[in-house]
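The letters A, B and C name the chains in turn, as written, and every chain counts its residues from 1.
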Amino acid sequence: METMTVKSTAHAELIDVTDRIQTLLGDSGIASGLAMIHVPHTTAAVTINENADPTVVHDILADLERVAPWRQSYYRHAEGNSAAHLKSSMIGCWQTVPIEKGRLVLGTWQGIYFCEFDGPRTRRMLVKLIADAPEG
Amino acid sequence: METMTVKSTAHAELIDVTDRIQTLLGDSGIASGLAMIHVPHTTAAVTINENADPTVVHDILADLERVAPWRQSYYRHAEGNSAAHLKSSMIGCWQTVPIEKGRLVLGTWQGIYFCEFDGPRTRRMLVKLIADAPEG
Amino acid sequence: METMTVKSTAHAELIDVTDRIQTLLGDSGIASGLAMIHVPHTTAAVTINENADPTVVHDILADLERVAPWRQSYYRHAEGNSAAHLKSSMIGCWQTVPIEKGRLVLGTWQGIYFCEFDGPRTRRMLVKLIADAPEG
């Protein structure tokens, strides 16, 4: 399992990490299997979404801010970042992507995004590459 | 990895694909392992939810429309389908289901649904079946 | 695959199951691999989030109640628990956690929570532990 560092530069941010994971996969020599991407944080996440038009990322972040506004009268958590915890559970802290012919199997418009919901911070991302068992 | 075609007939729709995946699993002869279902699209998703009473599907779709209405004043994405991108990241574009005794391990009321959020369209769904390694 | 029983005591509740899964992992003797946690229910879920400060759990539950209120005029499902179905699909009914050195790989503040959205009930949770294939 490899650990990558991801530095966010804003309070909420989606950072495209597809190329970094593909590079790791290329170095591994694995032709077929699974890539698991884990975020060991509770106010961050990882998602798969469009990587062609950056306005999609803008709109997703604005939507999440609308669905999970930073302040709520009922919040008890003293750190004040409960909205980031909600976003983390709604989006999820890990993704799995199949591997074929040494490439991540993603749709034409799909990229893998590290999701920062309480930045800016230096974060970790864990990548586990699992080769398919050889056919018997 | 198998590619299936899914045709949606509405703008937002949940399509039960459990039987198709179970059939693929039956053909594979795999007794024990994992089934991974991937949607290589950024305005669609895949989820597991009740397959007994169709009103549940109606209510989930209506809820998602309420949580992610089609129009927002802050949207910048020119294609106009940002709400579908949000839904895709909230629900997720893949699922994994364990396999035992040649069957998908699902609860009594669970089915696997392809989620169309910007249809109608012809979509793809990827299914990877992974057999457990033989015990040593 | 092991089946665990989880008893919820409230209508909506997050129950920390990390220790139970870690114990199962310890008993298995698996050093490296994957732990898959599946909830075979459509009004429950499983998530990974902060396990240090219980106010985070309070705030997440309150947030989900705001995002998915129990009553909606458009609901058709006669059982009246559509909000719980929505939450289940938004959070997801399973999680995968990597295993290294016989331990679940979780961040410092991460715990695994069974999510009850229509309790109190006695629920099931399935845990499948998969050892990495030995290196060739």
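Methods note: a residue touches a chain if its C-beta (ideal position, glycine included) is under 8 Å from a C-beta of that chain, and two chains touch if they have at least 3 such contacts.
Predicted, not measured: the structure shown is a model, and the values here were computed from it.
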| item | value |
| --- | --- |
| Chain contact topology (line, ring, star, complete or other) | complete |
| Equivalent interface positions on chain B and chain C, same or different at half | different |
| Rotational angle, Cα trace of chain A fitted to chain C, multiple of 5° | 120 |
| Whole-Å gap between the CA centroids of chain B and chain C | 19 |
| For chain C, residues that touch 2 or more chains besides their own | 67, 90, 92, 96, 133 |
| Of all residues in chain C, those that touch chain A in their complex | 34, 47-50, 53, 55-56, 58-60, 62-64, 66-67, 90-92, 95-98, 100, 105-110, 132-133, 136 |
| Chain B - residues contacting chain A, complex | 1, 36, 38-42, 67-68, 72, 74-79, 82-83, 85-86, 88-90, 92-94, 96, 124, 126, 128, 130-131, 133-134 |
